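Below are structures written as structure tokens.
What follows is a pair of complexes built around chain A, which joins chain B in one and chain C in the other.
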Partner chain A sequence: MDWSVIYEYRYLLWNGFIVTCKLSITAILLGTLAGIAVSMARTSRIAWLKIPLTAYVQLFRGSPLLIQLFMFYFGLSYIGVNIDIFKATALVFTLYAGAYISEIIKAGIESIPKGQFEAAKALGFSYVLLMFRIVLPQTLKVSLPPLIGFNLTLIKDSSIASIVGYAELLHQGKTIMNMSGKPFEVLLFISLIYFVICYPLSMFVAWMERRIYIR
Partner chain B sequence: MIIDWSTPLRHWDYFAGGAIMTLWLTVVIFLLSSIIGVLLAVLRYNKRTYPLYAISTVYVELIRNTPALVQVFLIYFGLPQFGISFTPLQAGIIALTINNSAYMSEIIRAGIASIPRGQWDAGKALGLTYAQMFRHIIFPQAFKHIFPVSANQFIMVIFNTSLLAILDVKELTDRALILNGQTFRTLEIFVFVTGLYYAIYFVVSTFSHWVNRRLFTSHAK
Partner chain C sequence: MISLRHLNKSFGSLQILHNVSLHVGKGEVVVVIGPSGSGKSTMLRCINQLETMDSGEIYLDGQPLAAAHKNAARKIGTEIGMVFQSFNLFPHLTVFQNIALGPRHVRKLNQQQVKDIVETLLAKVGLLDKKDRYPEQLSGGQQQRIAIARALAMQPKIMLFDEPTSALDPELVGEVLAVMKDLAKEGMTMIVVTHEMNFAREVADRIVVMADGRIIEEGQPNDIFTAPQNPRTREFLKAVIQE
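Now for the complex of A and B:
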């Protein structure tokens, strides 16, 4: 084993790390917003929104992320939409995350007793206000652990973007592998980076779940 | 630009073969990782054999906190450096089995942990051995909790097998890429394959919900 390869290509790895962070953070933020919006619309009484949104959630939860990436990245340029790779991957990751997160938040919303909705209506709250002031804050305790858990998955899944050529950590790793001929060290180091990001988060999730369970 | 569905339709048998390969891979990986998952769960449940507990915990945490794709790369591209090399199919099955076994062990462990303490005590009071208690009291009850979660995990394995396309394992995604390279009917092919994946997902999740409702719901809702 020859670890000097890591030091030699530190700039490429750092670059990949930044790009991975960029994609993950974009997907987490936009995906969470999309998830909240979709779950609110799906639990509201606007009937015509329900069918397309349910179809969207079903479709993105019912196919592999890799296929979705191919579909958007190759498919959009095929129908003549010019899109750069960051926007294409960020779009797919946002849609993918939005579908999963909306299910998590929807489950949270449905766990709130009906009386709360009726009380808010009696007080004259609008639906949006009712959600943000009354329902969503209460769902936080139930849906925060799975929400962070999913975002953890999303950070790990950002490595899949390397397959369509997005220059994130694993993609840079592949480049280094080809240049140095030391695949094992490079891949082990990349695993370590993911582990350092993900392990504290998963400990946090486990801690939160334990706390909820005890109460 | 003309949308022409004849390309995927003409090659339906090629895709059907890919779908069968995907399902075959999924079943093999799921069965192997369930066996390893049970072993890991038992080791992790029992803190009395501390070294085994520690090793299995480290294994599970390492696997669960790194991407599956990196694990596939490590097995296929990393190990040949030490003279251990696999065919793409072997590497894919090994890597995804390693990956999935960690998740399965957590699912099974959570299932066992959901059984109240009193059940163990009752088993001990009746003079059952540890294995008997596990087989006759704990596992049948825990299975009720394990089944729906592991059905979800089965679906995750279906989706994860698409990663093996990078190793040229001829499953559904790989075949879509090959046909795309030959015909350039990108949109039609990927829409068609997405539809196939969705069909598989729909059948599996509907079936598992049905089984769950029929067999494991003790009280009518």
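Now for the complex of A and C:
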């Protein structure tokens, strides 16, 4: 084992770490916003929105992330749309996250007792007031553990972007492996970084679930 | 005050309301009784549009209550108060917030006005000391009194009660009925669906008896309880009073 390789390529690794964070945070934030919007529309009475949104969710949940990435990155340039790699990758991850998150939040919204909707309606609450003060705050409590669980998977799956040449942590790792010829140390170190990000989150989920279970 | 004319409502092939017409005057307390499944709750839920009726009209102060009307939801929310069997308080909000949300965001009152209203109402239902509690920290009877205060905070012209004591332990029923009695004394227009016959006898100005989605009899409490005309009413009263 020769750990000096880590020190030697620390700047590349740091760069990769930052890019991984950027991609993950973009996908999580925009995906959550998209997920909330889509789940609200799908549980509303606006019928004409439901079919296209359901199709979107099912398509992105029903196909491999890697293929979605290829489709957007290579597919779009094939039909003549030139899109830069950060935007294409961030877009795919956001759409992918939005599809999953909307299902999680939709399940949360559907778990709210019907009486809550009726009480709000009987008091003349607007849809916005109903959703943002009554439904979503209660939904979030139910949905937070599965949401964090999904985001954790998403952070790890961001390594898939290395395949289209996106310069995140694993891609930088591959570059270092090629230059140094020390794959094992590099892979182990990169895994450790993912672990350090994900482990506290999964502990937090376990704590949340215990707390909800006890109540 | 409020008139229902020829209300019909079906769920699938099952007709719940048959041509129901009812007029309730200002300050009148109407108690609706009848066996379960007779359409009492559905009638109430049609009045504040929690259910859409298949045909018929509802007039509030002579104005038709059409769901298609632009501000219908807001109008119904502020003019018709509803108390549910299962309270339906918002569990993530404190007692104060539960009551304050409507006056603040639907009636658009300022914070001081909202605070005054909430505190006056809490004092009225005898729960001012519970204003920072959460619903789950209160007994069923207390929760229902809060739910009544929440509906009153919209200053409705009429209050609907859908079996308000049916989900309560027997020893908690009295405190809720007491609040309702006070309200009746103050001249609130009320339609109450209940199985509490003593309350009906004591507080109602008029009793309406429903069976199989129809109003089969109505009249003064004394007449209904001592000399019911319809055999279905006699049967029903016999069954409940024996209980």
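What we mean here is this: the second predicted complex is superposed on the first by the 215 of 215 C-alpha atoms of A that agree within 3 Å, B and C clash if a C-alpha of one lies under 4 Å from a C-alpha of the other, contacts with A are read in each partner's own complex, and residues count from 1 in each chain.
Operating definition for what follows: contacts are C-beta pairs under 8 Å (C-beta built on N, C-alpha and C of every residue); 3 or more make two chains touch, one makes a residue touch a chain.
All figures in this text were calculated on a predicted structure; none of them were measured in a lab.
Undergrad: Does chain B (first) or chain C (second) touch A:Ile79, or do both, or does neither?
TA: Only chain B is touched by A:Ile79; chain C is not.
Undergrad: Name the contact category of A:Ala47: first (chain B only), second (chain C only), both, or neither.
TA: In the superposition, A:Ala47 contacts neither chain B nor chain C.
Undergrad: Contact-wise, after the overlay, does A:Ile190 reach chain B, chain C, both or neither (first, second, both, neither)?
TA: So A:Ile190 only meets chain B here.
Undergrad: Figure out whether A:Leu170 sits in contact with chain B (first) or chain C (second), or with both, or with neither.
TA: A:Leu170 contacts chain B only, not chain C.
Undergrad: Tell me the contact category for A:Leu59 with respect to chain B and chain C: first, second, both or neither.
TA: first
Undergrad: State whether A:Ile134 touches chain B only (first), chain C only (second), both chains, or neither.
TA: second
Undergrad: Counting touched residues of chain A, say whether chain B or chain C comes out ahead.
TA: Partner with more touched residues of chain A: B.
Undergrad: With the touch criterion stated at the top, can you tell me which chain A residues are shared between the chain B interface and the chain C interface?
TA: none
Undergrad: Which residues of chain A touch chain C once you look at their complex with the stated criterion?
TA: 113, 115-116, 118-119, 121-126, 129, 133-134, 137-138, 141
Undergrad: Considering only the defined contacts, which chain B positions touch chain A in the complex?
TA: Against chain A, the touching part of chain B is residues 1, 61-62, 64-71, 73-74, 77-82, 158-160, 162-163, 165-166, 173, 176-177, 180, 186-187, 190-191, 193-194, 197-198, 201-202, 205.
Undergrad: Flag every residue of chain A that touches chain B in the complex, lowest number first.
TA: Residues in contact with chain B: 58-59, 61-68, 70-71, 74-75, 78-80, 152, 156-160, 162-163, 170, 173-174, 177, 182-184, 187-188, 190-191, 194-195, 198-199, 202.
Undergrad: In their shared complex, at which residues does chain C touch chain A?
TA: It comes out as residues 48-50, 73-78, 80-82, 84, 86, 88-93, 101-102, 105-106, 147, 150-151, 154.
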